[in-house]
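Report on the structure given below.
Chain lettering (A, B, C and D) follows the sequence in which the chains are written, and residue indices restart at 1 in each chain.
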Amino acid sequence: MLRIAVLGCGRIGGMHAANIAAHPRAALAAVYDVHRPSADDTAARHGVSVAETAEAVFASPEVDAVLIATATPTHADYIEQSVAAGKPVLCEKPIDLSLARVNACAEAIRGRDPVIQLGFNRRFDPGHRAARDAMRAGEIGDLHQVVITSRDPGMPSRAYYEAAGGLFRDMTIHDFDLARFMLDEEPEEVFAIGGRLIDPALMAELDDFDTAMVILRTASGRQCHINNSRTASYGYDQRVELLGTTGMLISGNRKPHEVSHFSARHTEKAAPYLNFFVERYHEAFNAEIGAFVDAVEKGIPPEVGFEDGRRALILAEAAMKSAAEGRFVRVSEIG
Amino acid sequence: MLRIAVLGCGRIGGMHAANIAAHPRAALAAVYDVHRPSADDTAARHGVSVAETAEAVFASPEVDAVLIATATPTHADYIEQSVAAGKPVLCEKPIDLSLARVNACAEAIRGRDPVIQLGFNRRFDPGHRAARDAMRAGEIGDLHQVVITSRDPGMPSRAYYEAAGGLFRDMTIHDFDLARFMLDEEPEEVFAIGGRLIDPALMAELDDFDTAMVILRTASGRQCHINNSRTASYGYDQRVELLGTTGMLISGNRKPHEVSHFSARHTEKAAPYLNFFVERYHEAFNAEIGAFVDAVEKGIPPEVGFEDGRRALILAEAAMKSAAEGRFVRVSEIG
Amino acid sequence: MLRIAVLGCGRIGGMHAANIAAHPRAALAAVYDVHRPSADDTAARHGVSVAETAEAVFASPEVDAVLIATATPTHADYIEQSVAAGKPVLCEKPIDLSLARVNACAEAIRGRDPVIQLGFNRRFDPGHRAARDAMRAGEIGDLHQVVITSRDPGMPSRAYYEAAGGLFRDMTIHDFDLARFMLDEEPEEVFAIGGRLIDPALMAELDDFDTAMVILRTASGRQCHINNSRTASYGYDQRVELLGTTGMLISGNRKPHEVSHFSARHTEKAAPYLNFFVERYHEAFNAEIGAFVDAVEKGIPPEVGFEDGRRALILAEAAMKSAAEGRFVRVSEIG
Amino acid sequence: MLRIAVLGCGRIGGMHAANIAAHPRAALAAVYDVHRPSADDTAARHGVSVAETAEAVFASPEVDAVLIATATPTHADYIEQSVAAGKPVLCEKPIDLSLARVNACAEAIRGRDPVIQLGFNRRFDPGHRAARDAMRAGEIGDLHQVVITSRDPGMPSRAYYEAAGGLFRDMTIHDFDLARFMLDEEPEEVFAIGGRLIDPALMAELDDFDTAMVILRTASGRQCHINNSRTASYGYDQRVELLGTTGMLISGNRKPHEVSHFSARHTEKAAPYLNFFVERYHEAFNAEIGAFVDAVEKGIPPEVGFEDGRRALILAEAAMKSAAEGRFVRVSEIG
């Protein structure tokens, strides 16, 4: 049993705490949150103790590893402290909104070798993973195009937007990682447009976007399209399509059940898709914990690590630059 | 070009006339209907002549073959007359409501050998046929179970009911033929129940049913279920399912287009199914004409002939007996 | 937290033990199995104690309720003992293979009032339940037909067959309960045929069936078809279809993920269905535990109780009689 | 009956001739092809005469209207001649590969007013049209994103490529028109990349592409993605997706039948999609003829006219420029 402490007991930290507590090979060691009542609440639910400070977690001999789900500006610091304490880390994305800070963090932890796994949960989704496995097994021949549809079921709060660092670094960053996972090759060029279609006033005020389209191209010419929106009224929309010379693979959405309704006005009417990431990626979040335990216990590199987090951020910055300048931006221009 | 005359210009005769007129290998030779205006109307639409009598059709040197779509009580007579005139026949089901009359007709035409094809159009449906072909090619191993769902989109008129001979001989007869087509073996036993659920008063008055369930069993033990209803509000429901030792095949319904709608209340909502047999079996009716032309031109037996019509009627009578007596009826008790 | 002891640590008992251990509102109190190593193994997995005897479980003040997953012949005895000890019971189906024993058990516990819930897990499946809820909410008008497809992914062992009491009491019994759940009315008549198509020699030797079709009819004339087979090579096949005057509802199968594959030879090829009940009804088994906890804590009748188990058994016996005699059997002939 | 002559008896001209011959409201008046045997063959199939020259067609009093399906360089000339002769035209896309020539043609026919309909058949597809109708009826709220998947089932011949004018003017031009049809607003900016992934050597030699991705943006900010490939091994892939504030619409692909196959290795395996445009857009091509007859008979503007052809070409030129320069190109830069 790997004893994992959870830093940050918000929506996603709370979910991770529950997953760890229920995991057959992990135990919830302790929780911490700058907002003490959140930590208390999570601790009570799972019968674990609350750490007074993050430092106490890093110092504790009862803690084997740390899951970082705190506010983004703390991620890099906590990674550095955890690494200094010799504790493996599973860190939510992004590492930081600043590429310079990410690079400094990389420098700070260089040469030390604990597992640092990034929270790109989608790589662990059974569907997305089965699609990629089939592609790599040759079931569609040579890969030519990837199409990623990624739409949230609704607009987050203003406060969320203010801290998120913009659509490309907050939302599309998951798709950039998924694109890298699927393309089997690094994207070299990025084109992106951002739109203010759902809440134009708020988006203009915050200089942010609620809708986006992206095109990526790899060195060998593979093409990838990503589309994002925060208005998928029909549920969290998460699809990946892979086109190759001899076939296509689609990893589609999940519904809560398989009931369909037929009437004089329609056939095959089904329930809305699972609403958001906690439900849609339930199995993925669990598999992510399992993969982290494996990496730590076997001393192997994590399936998705620090450098993956850095590269996804670089793609996000390239997208921001492209959206501003209206041109194909080379990834090498960024980092 | 095979010159085919159409006897009977009602809904189904009119459809056949149009299909023949548009068929690349057939020509509409003439039309006849006891109700002259119907014949005039159909003739005008296709620029052909109206025969004064059915006898004139059988006698005409301009007519190579006859399609019989008149009222059921005339079918056997017209078959006999057409055979006597040496003209191949494509006859709508049933041959007659009386098995004795069907047997007498069989006797009357014995030894003469024109093509007599029965209008069991479903055998020519691309989906049903592809399912059967796949089954016979071994794609599901040994066949164990057949499930036929066959539901009309609405109740016919009282006049239709009065002439139709009861649900089993009117509606289920198509499913009995389809069951024989799919089972690849003769059913030996029949169990059936009839229900009066849609219009109980009318059904009781006419001693008929609007809803039914049937089980058939063959000599080798294969099982077949048929369910019927005249209340498929979502469109004509025509499905066939074949279960075998190594797999299953389902031939499903057709929609007018593949548009699906997603909203906060549902996903994947599609259009109602094609409404009724003219639309749903459009390709089948055309293929039926083509198969008839082939049989006549090549002098080969029709794909579905007189004896198939007789056997479907026997199954219908067995079902009627079973529904009355509440027991498994052996087909050999009937005919 | 309801402290539940599990009697019987075979496949299904072991699954229940794990579900109880992970349930937020239940705790695994102890386990027992006549085969001590099975009990030891399950106990070790969840860190609980092994009871020396079933009697020790009933007597223990540390046990609030009992889940019975032992061999069928012990069910009625254990129910009686548990009731005598004042402990609520969640009992796997069937109560007993003998209706006389079931009736005696009913007599023995009459007047005492602990919760006795039967393990008809399918009632708790999110899909089946959503379909029934929609039907009861009027979304298909008046219900006319129910079609239940229920096929196991493979043949069980000879030993299993020898103890199971025949297809209708072992496998179809779940479908009889589901039919009662869906029909919203008691079936009054039963017709059934059994087949020996997968392993004819074994089935003949054991006087059992591996394939079946059933028709039920209620007092108001509602019709229900059930088909069973132990050869669903494509995965556990569990479908329910409800036809009403204004629409249809289908509760379909679940796949492990939503990946589809397209090639020159096919489109939309998906993964096999979830293999068997542990996977397919995972959510249902959890909801079943939750409903049991609710019933005990709130002192309300269970959603599916002793009388439901008795009625399903009566339908199974009626089916056996029908299969033997080839006729529609009235339920009132049985019990 | 509108008497329509067909100029050009290649694959698409031959198809149009057959559709006109079978159309209830149109008649095939004559055919012409610079390659006489093609014209003879088509004429013989439908029992019509062959015109010696295109000029003879324009002059004939037996010809009410002209369908132009000849080689692209003749389109503008024939449009001008047909208009001069007062005959309505249904012209295959593109009007010309040169925007200057298209503009000159527009000038030449200015002020005269016969119907000129462009052969953008996809607007008449029942699915695409139903999706657009539903969108315009408010079923998805405000439109934000359009995603068009448009992939051919295989590479055309080298000769075809040499005459086609490049992927964007040959293949994507249909998608540009469909995008305009769906966006309900003019695209103002175009970004495009072209790839040489299927036959890199041939594509490099011809300076052409076999794979492409495009992003369009309208004045109000609506976003549209198009992806193209000539390697849809699973059949002609033609999908349109519309995302709005309250829902989504998808117009999907058509199969030849609805048979699905289930086995130990897969479920729901269906047939490949209809192979190419003749099959997939069969209903659309017929509706296109019907709409042309309507426009001519009622003296109303065609549903898709000369200016639509010109605008689609402008978008294609913008895409070519974008692919060359790696930047968002404003449509106003082109024409």
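Methods note: a residue touches a chain if its C-beta (ideal position, glycine included) is under 8 Å from a C-beta of that chain, and two chains touch if they have at least 3 such contacts.
Everything quoted here is computed from the prediction, not taken from an experiment.
**Student:** Taking each chain's centre as the mean of its CA atoms, which one is farthest from the centre of chain D?
**Tutor:** C
**Student:** Between A-C and B-C, name the chain pair that shares the greater number of C-beta pairs in contact.
**Tutor:** B-C
**Student:** Where the centres are mean C-alpha positions, what is the separation of chain C from chain D, in Å?
**Tutor:** Distance between chain centres: 57 Å.
**Student:** So what's the Cα centroid distance for chain B and chain C, whole Å?
**Tutor:** 41
**Student:** Would you mind listing the residues of chain C that make contact with two or more other chains?
**Tutor:** Residues 233-234, 246-248, 253, 260-264, 271.
**Student:** Which bits of chain D are touching chain C when the two form their complex?
**Tutor:** It is residues 233-235, 253, 255, 260-273 of chain D that touch chain C.
**Student:** Which chain A residues qualify as touching chain D in the complex?
**Tutor:** Those in contact with chain D are residues 141-142, 144-145, 147, 149, 151, 189, 191, 193, 195-198, 211-213, 215, 217, 221-223, 225, 227, 229, 231-234, 237, 243-248, 326-328.
**Student:** Please name which positions on chain C make contact with chain A in the complex.
**Tutor:** Listed in rising order, the residues are 22, 125-127, 130-131, 134, 139-140, 246-254, 256-264, 271.
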